[in-house]
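Note that chain A is present in both complexes that follow, paired respectively with chain B and with chain C.
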Partner chain A sequence: MLRYIAKRLLSALITIVVLITVTFALMRAIPGSPFIKGEQRMPPEVLQRIEEKYGMDKPLFQQYLTYLKNIARGDFGISFKRSDVAVNDIIDRGFPISARVGGAAVVVSLLIGLGLGIVSAVRKGGLLDRVSMVLATVGISIPTFVTAVLLLYLFAGVWNILPTYGLATWRHYILPVACLSLSPVAYIARMTRSSMLEVMQQDYIRTARAKGLREAVVILRHGLRNAILPVVTYLGTLVAALLTGSFVVERLYAIPGIGRYFVDSIGARDYNVILGLTVFFGIFVVLCNILVDILYVLIDPRIKMTE
Partner chain B sequence: MQAPPNAAAYEFIPEAERKAAEQLSRPSLSYWQDAWRRLKRDRLAMVGLTFVVLMGLLAIFGPMFSPYAYDYSDFSAISQGPSAKHWFGTDALGRDLFVRILYGARISLAIGLVSALVNMIIGVIYGGTAGFIGGRTDNIMMRIVDILIALPSLLYIVILMMFMGSNIRSILIALCISSWVGTARITRSQVVSLKQQEYVLSARLAGASSWEILIRHLLPNSMGPVIVSVTFLIPSAIFSEAFLSFLGIGIQKPMASWGSLANDAIETLRSAPYQMFFPVAAISLTMFSLNFIGDGLRDALDPRLRK
Partner chain C sequence: MSTNRLLEIENLNTTFHIHVGQVQAVRGISLHVDHGEAVGIVGESGSGKSVSMLSLMRLLPDYAHISADRIYFEGQDLTNASVDQVRRLSGDRIGMVFQDPMTSLNPLMTIGRQMQETLRVHRKMSKADAAERVRELLRLVDIPDPDSRQKQYPHELSGGMRQRVMIGMAIASNPSLVIADEPTTALDVTIQAQILALLKGLMDKIGTSVILITHDLGVIAGMCSRVLVMYGGCIVEEGLSREIFYNPRHPYTWGLLRSVPRKEGEHAPLIPIHGTPPDLINPPPGCPFEPRCPHAMRICRTGMPRMTQVSDTHRLRCYLMDEGAPKVAWEGGRA
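Let's turn to the complex of A and B:
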């Protein structure tokens, strides 16, 4: 168990180092980057700060080490466009907001997705099963920006019943969370359904029924607990998907989250902010995946034997 | 075998016909013929296939017959709703939306097909080599894949796009760098399990070289699951392009893609919702169709997965 976790942590560390290295290489290669001499169209005070910070007069390898060290200290760099903006400010301001919306979306998609999946598996072929599987295909096929625009248009444009700008009250959360949850709900429902169908045919389910347990207990404690494993693996990806999905949603619903800043920086061609945020996202995603892997071992003791 | 309900089934049949009927075996079908037969029975997949083929034909030939060019502005017909003259209406610059959506279809379908093809080639070669050589080479190659899978690829696509400039070529390159890893994993696991089969041993005994075994036996036999996974790459590539163009870093004006058309329509959403409706419908229907084809192919090509 400990060995497994150590191994996963090590591979996560390698992934993060690769991620930082790639980012560093891209930063040096991007045209218009201040790291290329002779292309310096930025305010002189920004240039000076950057030169101090990254030791630009030092050899390449040393610059790389400085960059690594900065990130290890949790410093994701500064804007190339405005001298008073650090990537960390953006993260401090934007991340809690994105996390609230994204977290709500994770909870909603788990509740609805698992619920739909269980019901469709238990009542296979029933009306709800067919409806929820159609819904699942819809959710998988329609891109987030399409749902975001459609909901915006219907609820705010045509019916005018929900607010769409910012996050002032709980009602502001409804539309963005709905947009973010649609495709995860679809995936989770599909996954839960197929793994529930498989699990419910196992011998231990028959045993549980033979013991005279109530059907709800059989389904939830014996069925779901085993069927939930693929869903757990998906959770790591889900967080990543919510982060990228949130670009569009935060932009359309004017939510001042981290994804919105990312999109704004793309528009402003502020490379350093983009790269800094990418490293932050990347490390976040890798850490989520690690947590999921460890969670997985805790839920399913059988993993230990195969590893 | 159940008795046929109608009396005609019991009538005597002429000698010649009887002889023919005694040929018990139906014509033997190859794997691909069999898969095609199964796919043909999947109604949703066939609807999807028809839709995609029609869309492809329209995309290739439609613009030739249209009186409008994709970048022709008619300033006397700005933001007009659908009419006999402009089937899907015109945009805020008086351009014909129908033709622009057809050009968008060209871009989306080309990106989907080309990137899926390239990803398949890279993934099959990489995964096939790793699985076939095995041992330490396999281990190292697959660790690299693990790292690449853990990176948030969409973010790196965004950065690469900014680095290489916004055009179809860079979208294709960015997509091809990131998404072959899944195909590589599947090919490798297929090759690893097929390697143990008797026919490989017999080919080896017959004096086939390793190269021949890989090309003639292992790769063709592992194609089923590979093709299924590649089919699902097409919608995800189309989605990525739409997402990038929607964020404004994909296809650039005056060229149109479905994502950029949707992006352009946000500003006029309230006054001219049809400008949003048509591109969004085109994306969603294509995604639906491709997902249905993918599901159908999975059922047809990978009988073990069928329930």
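Let's turn to the complex of A and C:
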């Protein structure tokens, strides 16, 4: 087990280095500079001084090596736009907030998604099955920015029953979490349903019933555990996507998370912030995938920990 | 009714309601099993032998409609029992062994835990007691090293081992009836014999009754005192094993016996039964075997032949048994 994890971490490291290299190259390939904004022209001497300060006068390859060295020490550098802000600070401040909202959304998605999926599969063709599958289709098709605006309009504008700004109380979480959960709930419900339908046909389900187990035990202990692998696969991407914050939701609900920095920084050519956040997200995604693979092995003893 | 009756089923019908119509999988079968008795149900695929037992155990999907005039088990009336009522008996008083041990065990659970489940549900045993009983069961079904085997997953066991586990699970709470649905079909021939010997040994040891479903007459010959021959959802002939093997009267039974490979040296050719089993969606009103029967007469198409008694234990449904029918005799020896 430990050897397996070590091996996975090593390959994760390679992935991250490749990620840094590609992002670094792509970023520098975009025309423009963080220090030139539109028609504003800086005197060449000033520009040169600034570039020296940020080490941008050095050859590109050397800049790249320096960046790698800094990252290895856990230093993502400082923002090119606001020299008093370190990228590490942005992550330290924004990530816990995004992760709290995202984490709540993951839990909600799992609970509702699995619940709907199981009931739909067990009562296939029933009213709840049909209703939840329509909801699932709706949930998958409607983009977040539509639901976010719609919920905002209804719950805050028309009925005025939920707060919309910041994260002061648990009630503040309801709308953003609902926006973030809608499509994952839909995905998980559909996935659970089809997977459960297949599993409940298996011979070992008949064996479990023949043993005289209660139907709830048959469904949860023998059915769900066998049906849950596809959901676990999806969970890896889901956790990574939700915990790293959503640009749309954080913007609309004024949540000071990490998601909106990402888009802002690209527009501003803020090289260090772009790189720093990309690498951070990258590490997070890779770790989530490793966790999912370990979960796999824990759930299904037939999956071996080789490769 | 004899007090020795363990199970009695009268006029069981099972119909599957599907898109294209109603599949009449079991059409009015009646059977009984006495205490300590081993009864074989033989027939080809689709004859309704498995479905009839799954109907009894209420293990069929929702679209199966089951009805019977009378179902009694251990003196308990199960004719109109709820699924829950049957569940309380299954695993406890009635154990089941299924055909394919590769797929009949939950792949994500250790075999020990799967075996314990039955005991914990029905016998309310503590974990430790159940584990102890499972060790005992594994020894009973001849699995060496039960302590480490308990902790293994199904994929770590061979097919024969898994079937032993299934059998151990079926007898866990000393049921009075074990229903074995093609228990050896999915196994290697050498393993088949071992599993049958094990079943037979257990029957003698714990005195349980057995219903053995199979398409293999050889399996029946070694184990069962009585045989029911099923075809097209009906019991076409039934009797003591020796009556069925030495004095079969139904053309379908003849066909079954002739299509069994014999031992080397006997050069009698294998004679298959031509044609395919009947379509049970709209079964013809007559004898289900009529389209394939070499001795079919016009009357065979008109209606189901009634049960004709040959002896106290031997009876069959065939118009050849009528007094006016041509005399056709079984010329084959024992298979």
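The criterion applied here is as follows: the second predicted complex is superposed on the first by the 250 of 307 C-alpha atoms of A that agree within 3 Å, B and C clash if a C-alpha of one lies under 4 Å from a C-alpha of the other, contacts with A are read in each partner's own complex, and residues count from 1 in each chain.
Convention: a residue touches a chain if its C-beta (ideal position, glycine included) is under 8 Å from a C-beta of that chain, and two chains touch if they have at least 3 such contacts.
Quick caveat, the model's predicted, so the values are computed rather than measured.
Novice: With the two complexes superposed on chain A, say which partner A:214 touches: chain B (first), chain C (second), both, or neither.
Specialist: After superposing on A, A:214 lies in contact with chain C but is clear of chain B.
Novice: Between chain B and chain C, whom does A:252 touch in the aligned arrangement: first, second, both, or neither?
Specialist: After superposing on A, A:252 lies in contact with chain B but is clear of chain C.
Novice: By the touch definition at the top of the document, which applies to A:206: first (chain B), second (chain C), both, or neither?
Specialist: A:206: touches chain C, not chain B.
Novice: Return first, second, both or neither, reflecting whether A:274 touches chain B, chain C, both chains, or no partner chain.
Specialist: Once the two structures are laid over each other on A, A:274 reaches chain B alone.
Novice: After superposition on the shared chain, which partner residues are touched by A:162: those of chain B (first), chain C (second), both, or neither?
Specialist: Touch status of A:162: no partner.
Novice: Between chain B (first) and chain C (second), which does A:297 come into contact with in this model arrangement: first, second, both, or neither?
Specialist: neither
Novice: Check chain A for residues that touch chain B in one structure and chain C in the other, and list them.
Specialist: No residue sits in both footprints.
Novice: Within their complex, state which residues of chain C touch chain A.
Specialist: Per the stated touch rule, the residues are 57, 59, 87-92, 95-96, 98, 100, 103-109, 117-118, 121-122, 153, 155, 166, 169.
Novice: Would you tell me which residues of chain A are touching chain B in their complex?
Specialist: 11-12, 14-15, 18-19, 22-23, 26, 29-31, 137-138, 140-143, 145-146, 149-150, 152-153, 157, 194, 197, 240, 243-244, 247-248, 251-252, 263, 266-267, 269, 271, 274-275, 278, 281-282, 285-286, 289
Novice: Quick check on the complex: what are the chain A residues that touch chain C?
Specialist: 202-204, 206-214, 222, 225-226, 299-302
Novice: Please give the residue numbers of chain B that touch chain A in the complex, ascending.
Specialist: Chain B residues touching chain A: 143, 146-147, 150-152, 154-156, 158-160, 162-163, 235, 239, 242-243, 246-249, 259, 262, 266, 269-270, 273, 276, 280, 283-284, 287-288, 291-292, 307.
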